[in-house]
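Here the chain labels run A, B, C, D, E and F in written order, and each chain numbers its own residues starting at 1.
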Amino acid sequence: RHKAVFNELVSKLTDICWDKCVGTPSTRLSGSEQSCLSNCAARFLDSSQVVMAKFTKG
Amino acid sequence: AQEFFQTVRDKCFEKCVTRPSTSLSGGESKCLTNCCDRYREALAIISQAVVTSLE
Amino acid sequence: RHKAVFNELVSKLTDICWDKCVGTPSTRLSGSEQSCLSNCAARFLDSSQVVMAKFTKG
Amino acid sequence: AQEFFQTVRDKCFEKCVTRPSTSLSGGESKCLTNCCDRYREALAIISQAVVTSLE
Amino acid sequence: RHKAVFNELVSKLTDICWDKCVGTPSTRLSGSEQSCLSNCAARFLDSSQVVMAKFTKG
Amino acid sequence: AQEFFQTVRDKCFEKCVTRPSTSLSGGESKCLTNCCDRYREALAIISQAVVTSLE
């Protein structure tokens, strides 16, 4: 069950972050594309917490 | 409610975090909390507009 | 049941009109953002009728 | 059919009503009715292209 | 059953290719819009095969 | 797996075939195969980032 939630989250983040971070696909991801992807996933999780906190305290 | 949370989170992340970096900046955090309030405001305006249109 | 249809419509319109009308979120919605949102919802309902009429008479 | 109606409505609203104002302009209305016809035309062209590709 | 799969594919392709190929709707589709639509559908099917081959051989 | 195939196909068609013509060009084909590999790489990077964030 946890595995399924994790996989769904990773799929969703890859979908969002791919559009935000990657240009025309070539033979490798550039360093900046790689760090953008990694940061994008981490910042999305941060953003979830900010929005969740806002929803909880109103 | 869960679905609404996800919509707000996704829309606000899209508008507020355009170039993800190593941490959330103060401006991005502020944008996210403002965005939650503005999205709710937008929902209220549109709810009112739909009621008016259906009258 | 009517309540559920209404809520679904409002959610959908907020989704569409948010992207069309609102820029970077700040401490308030500007007057033009507010009227854009309101007009967007009303014009969407008008457009539904135009498209529906077109579907009916072909 | 209901689903197709919604697709056409959403696509046509997107393309035809870019800056929503206090009423639907003549140009926007015309664009919407043209759009319904063009979308159906596009569907027919693509349907034909898929049939040809699968032959 | 095949009919349903065909209809679903055509709907999906019309959705994607409409956005790629058609500008503001007028009284007719231009020649270039028409060929773009037709090519878009055919190239999508080609692309499916390229991606499928890549998935199969890894 | 079927769903992942569809996601990759749709994303890669979007990025690689911007102006569809009478056949897939060499550049478009190369872009599509690169895209499959890069999408998988992106998935691995994000999977790792989520694991790290949850630790």
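One rule holds for everything that comes next: a residue touches a chain if its C-beta (ideal position, glycine included) is under 8 Å from a C-beta of that chain, and two chains touch if they have at least 3 such contacts.
This is a predicted model, so every value here is computed, not measured.
The minimum number of touch steps linking subunit B to subunit E comes to 3. Taking the mean Cα position of each chain as its centre, B sits at the greatest distance from subunit E. Looking at A-F alongside E-F, one finds more C-beta pairs in contact between the chains of A-F.
Inter-chain centre distance (subunit B to subunit C, centres taken as mean C-alpha positions): 15 Å. Centre-to-centre separation between subunit C and subunit F, using Cα means, comes to 33 Å.
Our note on geometry: subunit B versus subunit F, Cα centroid distance of 29 Å, whole angstroms.
In subunit B, the residues touching two or more other chains are 12, 16, 37. In subunit E, the residues that touch at least two other chains are 17, 21, 39-40, 42. The chains touch one another to form a ring, and the order obtained by going from subunit E toward subunit F and onward is E, F, A, B, C, D.
Within the complex, the subunit D residues that touch subunit E are 4, 7, 11-12, 15-16, 31, 34-35, 37-39, 41-43, 45-50, 52-54. Per the touch definition, subunit F reaches subunit E in the complex via residues 5, 8-10, 12-14, 16-24, 28-29, 32-33, 36-37. Here subunit A touches subunit F in the complex through residues 6, 9-11, 13-15, 17-19, 21-22, 24-29, 34, 37-42, 45, going by the rule given at the top. The residues of subunit E lying in touch with subunit F in their complex are 16-17, 20-21, 36, 39-40, 42-44, 46-48, 50-52, 54-55.
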